[in-house]
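All chains are identified by letter, namely A, B, C, D and E, in their written order; residue positions are counted from 1 within each chain.
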């Protein structure tokens, strides 16, 4: 399994004395796009945090490229759900993005061009000089995404990254993300509440369940999405397979 | 116009020297449900903040029940977009909800029942004793909604209140909210990015535009939603009028 | 138009501020002239002003003020540098915390007035010794603020730094200290005052020329108006230096309330 | 153990210095002699009496000063107008060294508790004010909006929102305040008030007993250290009760 | 007859011996005075304490007293403690070994430590310099407490100190310095070194108590003047000034001067005016309680 980028090896997690995730077994391959869905509070964020090395599983282990994860790495970017708190309030938009470049010791001369580029990608070129407190919620979220893109990671762990974005901005960023995965072999784990988004972006979708028991483990379903690549906002979403999968997922989620 | 609850009288707003909202003229009637949509950063939050009295318009005025707004009132509840920051981190879930009751001088004896009731409404009865830091994003958002419900306001100003919720929880809360509006005459202004949500909940939907000019003012569209009440997750969303309006809105948003 | 408006409000604020101070001075005037407090200890504002002008005209008071000012300022710069550096060290390294924090906590409550005789015995009666005591005495607000700011970086920012694999130093420089900045600046404002106070105490005890000695001699010879002239000068000095600091603070903390 | 390395080194150096170069000094004695002197003071009870007086006065003075600072600081932190109006007066009064007020306090109150209290309270007022003001200005603006939306009264806003939010920073202020109160109390006793630890130290100095003087000095440090340690312990307890959101 | 309560403030000098003796021998008690002796570390705080009624009577040096009067305090002299004497070699100018200071002229341009700027030793030392034809403004005076004198000389921070026993003899014993001049022996005799003062309104209200206090001190002075009582006097001193016994046994005791005259005060007024320490000329006659 040389192309396994992330491997969840019977990962179980306890928080505050409660079992949040019962053993999860999952392998994510290079260039794969895995979407995670599930009810509020079921442990999606927790799963991603384990993949990033922020929490240590109480059982099992997470491996990246075969080696057990001991802590966060710069090759793994994390887009936090709570975007407001993930930015440095004392740095402007561009300086916030710059942080990722500084961390990677990118020479100062190269930074402006790279910053400008990612800011254009997320549509914030006009707001480079603003402080986070001067931005709308969706703009803050995009700054965070820009920082993660600037990091040029191998793996992106994205926790509801497009949650605060309007439909149009969201679609633009979805397509941009899909392009990066295709062209640069980026591996993505992507938490979302939007079933259509999960199906549109994912090669696979995993559904988690709240309050797992040995009989009903965390991993409620693991669905392959055999839709053709590259996908397209209009045709893909009208594809019969898309509609079928959407209905299927809808039922998994308790309807 | 005795039943005008909120009246935006040529409201214009400047922030940081930039014109965010060009004159907006709008009347919201008692029991009405108005949804606000628009691209990220167009001023939806700002419009709601003006309605709540957190910002003073640079031009025009907002009137509530005929009187100009001088500041926030307990009769108006505000659900903030950045839920993580709007909770008191040192209070448990139930104590956070209790804040609204304490503010309204509800006798201590009555509080537990009312708290339990709103927590049940948002599905957090099992987490009453947790601190915000121990909750998932969606759960924090629901605590905030619970606090606003406990407040028993006349007007609810909701800024992407269901943004971090999974489809099922979201639908439950949508229906709960619609019921409150119908049964208790609650008036709601509701910002969302989800067109379907806007159409499903709203009596009217207003679409805002970024960077308004005198020729292209902030208020890009004002659409009546003549769908029958009460609405229903299945039938309403398949109603031909629903689908037509959805397409119409989709175009307003730049597609 | 907007500019004139802004200037007008600024003038309004300044005059309001002056009025409040004027009210306090009026209170002082009433207390001293009505004889609630013996004139030998609380002189009238007029007498104070007269002593002040006389002292300044004689040139002596001006020289003292300058001496104290330079002592305070160099002590403050030293104290701030020392406080931030030690605070960053202790706040970010468990080992440093184990080795030196308890010693510092032990030294902290020792009054300069009690330590000074010891310092004089060990290091002699020199300006350098006083400066060291000033720097040492005034660094605590900055040190504690730095510690607090470092310890209270929001969990999520910590995780951002971990996921970017920021080096320890980078974390301190780019996240820890900026996060502590509002606290550090408040600490530095305090530190400036403490530095002035310890300078004055140092001048009193270690017999160095300056306002402290002038005040001490005035107090000892029961020249209340001269004592108060010194105090007024100290107040003016503290005020002037704090205005500068407040301006710096406003531009450094622009992000807080944009 | 490691924490004792530096003090041990210092004490060792002092012992050597006092027994060689510094022999015959009237200001410094070897630490070993100081220990013996300390034992004597502990046995005859003067230690505890003096410590109790100084600590009691420092605590009471701190309480008064802290309450004033808390009140004023909150006011100035919340209202920009109050901050602007008060700025001049606060900044002019703040740098007045408390020692310069000793003669005045002495005249008004004479020897004893009240004069020391007044000077200690004055000295503690300003740091508490500045730090409270800074802390209040850093309260999450969103929470202040919540309090406005709920139309909380000024008192409720303070008790429910601002108070708890500034608790972590107040502990910093408290720890500073404790040291300042102790320092000023001892200074007042050294300079004028014939009570407490500072006075005891002065007596030791004037009766040519540098060992006892050093013992007092170290004892003051120890007392301060213990108080600080208990303030830290309290801080951790409070933090835990508040959901551990403070470090 | 009811007793009058008096809190009396003293400092750690032997000039207060007459008061100690009066207290020990019951001279106060037999005059219906209940005198509580309170040790005050710093002489210059005494007038303020008297003004605040923390002390009813206190013993400042004449210079402190006159400056307090100059500053506006309405105090009067009730009695006197010690006076100067040519036989006293208990204080003097101590120079650092190797400094070469021998006479007044040598002090020019040097750094000299005094226990208090403007205090007794400083004023009298300047008076001596002047009497020797030396311009004292050319001497660099710094303030340093007695116990530090030895260390400062050793460290070279100062060239000489104006010190007093027992510190003086400790310095000479260790060889750090030598006595350059017992300058006090050049000063006029029988000038007060410490005087007992009280608030004028207190004296007006308690004329009998003030008078009794003076009489008690006078009786004690008579007791002290008898050489056979030396041991008892030293015991009384040892009780109130906590000095090592060997120091008490050796220390020189200033002769008592229980009654202060206008002439004596005038000496001080002139001295201080000469050194620019007074703003106004006090009416000496009004300053002494009858």
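Keep in mind that, in the parts below, a contact is a pair of C-beta atoms (placed from the backbone, for glycine too) under 8 Å apart; a residue touches a chain by one contact, two chains touch by 3 or more.
Quantities reported herein were computed from a predicted structural model and do not represent experimental measurements.
**Student:** Which chains make contact with chain C and with chain D at once?
**Tutor:** Looking at chain D and chain C together, the chains touching each of them are E.
**Student:** Show which chains lie in contact with chain A and also with chain C.
**Tutor:** For chain A paired with chain C, there are no chains in contact with each.
**Student:** Would you mind checking which chain's C-alpha centre is most distant from the centre of chain B?
**Tutor:** If we average the C-alpha coordinates per chain, E ends up farthest from chain B.
**Student:** Mind checking the centre-to-centre distance between chain B and chain D? Centres are C-alpha means, answer in whole Å.
**Tutor:** 49
**Student:** Quick check: how many Å separate the C-alpha centres of chain A and chain E?
**Tutor:** 85
**Student:** Roughly how far is chain A from chain D, going centre to centre by Cα mean, in whole Å?
**Tutor:** 50
**Student:** What positions in chain E touch 2 or more of the other chains?
**Tutor:** Correct list: 48, 51, 145, 147-148, 151.
**Student:** Residue numbers in chain B touching 2 or more other chains?
**Tutor:** 16, 82, 85, 133-134
**Student:** Which residue numbers or ranges of chain C touch two or more of the other chains?
**Tutor:** Only 38, 40-41, 117, 120-121, 219, 256-258 qualify.
**Student:** Tell me, which pairs of chains are in touch?
**Tutor:** A-B, A-C, B-D, C-D, C-E, D-E
**Student:** Under the touch definition given earlier, write down the residues of chain B that touch chain A in their complex.
**Tutor:** Spelled out, the residues of chain B in touch with chain A are 15-16, 37-41, 44-45, 81-82, 84-85, 127, 130, 134-139, 142, 159-160, 163-170, 193-195, 250, 253-255.
**Student:** So in the complex, which bits of chain D are touching chain C?
**Tutor:** Of all residues in chain D, those touching chain C are 2-7, 10, 17, 22, 25, 27-28, 81, 84-89, 91-100, 102-104, 107-108, 126-127, 130-131, 133-134, 137-138, 141, 168-169, 172, 175-176, 178-179, 182-184, 186-187, 190-191, 198, 201, 205, 214, 217, 220-225, 227-229, 246-247.
**Student:** Residue numbers of chain D touching chain B in their complex, please.
**Tutor:** Against chain B, the touching part of chain D is residues 140, 142-143, 145-146, 148-152, 156, 160-161, 164-165, 167, 242-245.
**Student:** Can you list the residues on chain C that touch chain E in the complex?
**Tutor:** Chain C residues touching chain E: 38-41, 117, 120-121, 123-126, 207, 213, 217, 219-224.
**Student:** Any idea which chain A residues touch chain C in the complex?
**Tutor:** Going by the criterion above, the answer is residues 52-54, 71-74, 76-78, 80, 82, 85-86, 88-91, 99-100, 102-104, 130-134, 151.
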